[in-house]
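Presented below are the structures under discussion, each in the form of structure tokens.
Both of the next two complexes hold chain A, though its partner changes from chain B to chain C.
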Partner chain A sequence: MTEWVFFVAAPFIALLLQGIRRKLNARMQNRIGPPVWQPFLDVIKLVQKGKSDSEGNLNFFFVIAPIIFFITTWVMFLFVPFAIWSFEFDFLLLIYLTILSGGLYVLAGFASDSPLGVHGAMREMITMVVYETSFTLCLFTFIVISGTLTLANYPPEGLLLQAPLAAVILYLIGSIELKITPFDTAEAPTEILEGFSTEFSGAGLAFLELGDAMKFLFFCVFIPFLLFGTGNMWLFALLVLLFVFIFTFSKVTTPRFRVDQVVQVYFVVLILAVINLAWVII
Partner chain B sequence: MDYIKKSPWICVYNAGSCNGCDLEVLALLNPKYDIERFGCELKASPRHADILLVTGIGSKQNQKRLKLVYEQMASKKKVIAVGSCAISGGPFREGWVFTEPVDRIIPVDMYVPGCPPRPEAIIDALIKVLEELDGDKKDKPKQTRRRSKKAKK
Partner chain C sequence: MHNTTLPIGPQHPSIKEPMCLRIRLDGNNIENADLRLGYVHRGVEKILEGKQVDSALYVAERICGICEVSHTAAYLSAVESAMNISINDKVKYLRTFLIELERLHSHLMWSGFLAHEIGYETLFMYSWRERERILEIFDKYTGGRVHHNVSKIGSNKYDLPENSKKFIFDRLDAVAKHAEKYRREFEKDNIIKARLENVGVIPEKEAKRYCLVGPIARASGYKVDVRKDNPYFAFDQVDFNVITRNEGDAWARTLVRMDEIQESVNIIKQLINNMPNEKLPKPELHMNASGEAVGHVEAPRGENFYYVKINSGYLERAKIRTPTLNNIIILEKILKGYELGDVPVIVGSLDPCFGCLERIMVAKDKKIEEHDEDSFRKKYCEIQKPEVSYD
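Let's turn to the complex of A and B:
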């Protein structure tokens, strides 16, 4: 029962977390900040307001990409943190889904047919090759240690002690996937106007924002799930909030990497992931 | 109920200003003025924005682009002309780049005078523009009632 409640409520929890994040962000900068329910108002407003007349509206992918992106991100909550839908090899499906949701975001960027959107999508494509590989390698370490490919059998006490290096990699990859500074080169609001979403408006933009919020929730849930397990529910919830805090702190306090630096940094992450996997196997 | 009032997103367009007004607009985001507490966000793309802040004289080179930016915004848009440049040309009125004020290029809903205007003035203009959005008749009697109550106290 709890599982289904969590699954259905996931978009709302995600938006609430986004609100908490914005409030935290403001408090760290010594501002008052928006109310916690602000993201709900934003989404309602976007749906109510309707689209601007962009030429992209005639493009099928432009209309459909944000919706599939949202649904894909939602489906990931079928597996984590509670295995509602469980079968053999669902760990692999989850890895595939995370990559797919990144890919759909890129598709949205390309479909918008604006130089800024395409630019953001290209930056993301180039870096995706590196960081998705590291992400997959990092998850393989957990598969090797736990010896299971089914998320329902995942040890509930977590595997932090067996793979301490993986914690660092997971954190780095989490901030890369969520486009949190210093890794938000693909979005870069001050350089390429948030890249992907530049051309979107109305409901399309609302779905993109929702999907983004849910991806944020997913990583805040997934990292504690892998490292600390879901044995103690209260501890787990506390850890989720801790990760929200850490990501926000990183966002407030760090500047952004340049495009040419960022690939080098990702390669360092990739090498770390390889070392980690080799260490676990040997 | 119109939710634009609760989360107005802002886009700034620099139509050939001296950057003085733009700095004052940026000051809206700092801890002292902090317009995010009204749910405002500074958006880079005009397609996301509800309110367009125009600074500067709308020089020859800028006219076409200013129109384009205005057309790209979704419906229910409001425009605020910030600074005396945007209203009348200000100190650049005699210059050769000045052709016509911003309100001849795109419709303007609110003017904020000053060279540069203070951030408080811009916030005031923002709130007045948002009040306009709700349709004029419903809110007016309420406001007068509130004011009269305060006056009695």
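Let's turn to the complex of A and C:
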């Protein structure tokens, strides 16, 4: 029952976490910041608004990409942190889904038919080549250690001690997946006006924002799930909040890398991921 | 996705005032850039013409919001030397005090702005908090945070309020302390260095060739500063260094400005400590003076130059050359070869101020006409004499 409640409430929890994150962000920057429920108001307002009539946006993918992006990120909560839908090889499906949600972001950028959106999508594609590979290799480490391809059988005490290097890799991958500085090059508001979402408006933008918020929640849940396990639910919830704080702190205290510099950093991460996997296998 | 043209502006988060930069991209690299201006043109020089010298001061004060004092001071310097008015030491000190406060506020605002360009929102918020302290000093002295209206020809409206020394020193100390911290951040932070170093490099030779002024020239090793080269007001009575660096990149331009903040704080402290005990002369109207002169002032962005010609108390001609006009010309050249992510950094590091810059350019019928002084006057300023027939 708890599993299903969490799954259904995931969008709301995600928006609440966004609110907490924005408030934290503001307090660290010496501002008052918006109220915690502001993301709910934002989404409600966006849904009520009409969509843009630009001719370039009248294509099928432009309409469908945000909705599939939202659904894909929601479906990921069927597997993590509670294995609601469990079958053999569901670990691999989850890896595929996380990559798909990044891919849909790229699709949204290309479909928006704007040079800014296309540049955002290009930057995301360039970096995806490196970081998704590292992400997959890093997750293979956990598969090798736990010896299971089913998330329901994942050890509830977590695998931090067996693969400490993976913690660093997962944090860095989380930063770039969630577009958190210093790795938010694909969005870069002062360079390409947030790239993907520039042309979106109304309900499409609301779905993109919801999807973003849920992706943030997913990574805040997934990293503690892999490293610390779900043995003690209170500890797990605390760790989720800790990761919200860590990601917010990273966003507040760092400037942004250029795209070539991001790729350089993630080549190092890729090498680390290979070393990590090799070390575990040997 | 090769060869796209990307418009940056007129409305864009990386520029604080309207301009349009059309960038031709080959993949992610800039092939060439085309700068289009004219969005805030107001014809200020024409407005100044024919105005009585005392009332023209109000127009000069409103040319720019950031370097308001520099425009006022340059105008006053030109007008006073044209009319042979000598000002006493008190007025000189007060004007110098305002000019340096303005440099502090402009540099702090700019450093926050550059931090925002590279995605460092926190430094942006913190820098602007320090700027707020300077605005408090402005508010205490002039009653206005941005527009001050305290200068008069040959005099100043008010003296510094009594017992304001502690108020000012407290704020200056806080600003100096925090600015030093932010300077360290700009100097030591690896990501900031990775973004700013070797970006938008201007060698000294190019700086001289393009007649660059202000911190941009000084960051390329070209030591040019009106405060030292041709001291005006009380700058010959204070002790300060002209900050220069030799790298010529965006990082050097940042550090030059951050160092100038400390120098400005020192100058202001010297001015307050040595403030003469004279009375301010009573402001008066100047109805019959004539003459012709130039005035120049080191604004936060470089040399601000005014030429005025006065005929019987009225301005016959006023010519303004602002530092951004000198500095913006090199923008298209230094953008070439860098990539799209460097555009905000390069544009930001030049610190353009379009309110100052745009005075002679006409946007009409979707075509931009560029004029020199004479053709502009011929086309738009000549009064068409009505044809009178005596038949």
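A few remarks follow.
Note that the second predicted complex is superposed on the first by the 280 of 282 C-alpha atoms of A that agree within 3 Å, B and C clash if a C-alpha of one lies under 4 Å from a C-alpha of the other, contacts with A are read in each partner's own complex, and residues count from 1 in each chain.
To be clear about the criterion, a residue touches a chain if its C-beta (ideal position, glycine included) is under 8 Å from a C-beta of that chain, and two chains touch if they have at least 3 such contacts.
Computed from a prediction, not measured in an experiment: that's the story for all the values here.
When both complexes are overlaid on chain A, the residue A:P155 reaches neither chain B nor chain C. Contact with neither chain B nor chain C is seen for A:G103 once the two complexes are overlaid on the shared chain.
In the superposed model, A:R31 makes contact with both chain B and chain C.
Common to the chain B and chain C contact sets on chain A are residues 29-31, 116, 189-190, 193. On the side of chain C, the complex with chain A involves touching residues 1, 4-6, 12-14, 28, 115-123, 125-126, 129, 189, 191-192, 194-195, 339-344. In the complex of the two chains, the chain A residues touching chain C come out as 28-31, 115-116, 118-119, 122, 181-182, 184-185, 188-193, 252-261.
Looking at the complex, you find that chain B touches chain A at residues 2-4, 6-7, 30-31, 34, 36-39, 44-45, 47-48, 50, 72-76. Across the complex, chain B is touched by residues 22, 26, 29-35, 38, 41-42, 44-45, 48-52, 54, 116, 189-190, 193-194, 197-202, 205 of chain A.
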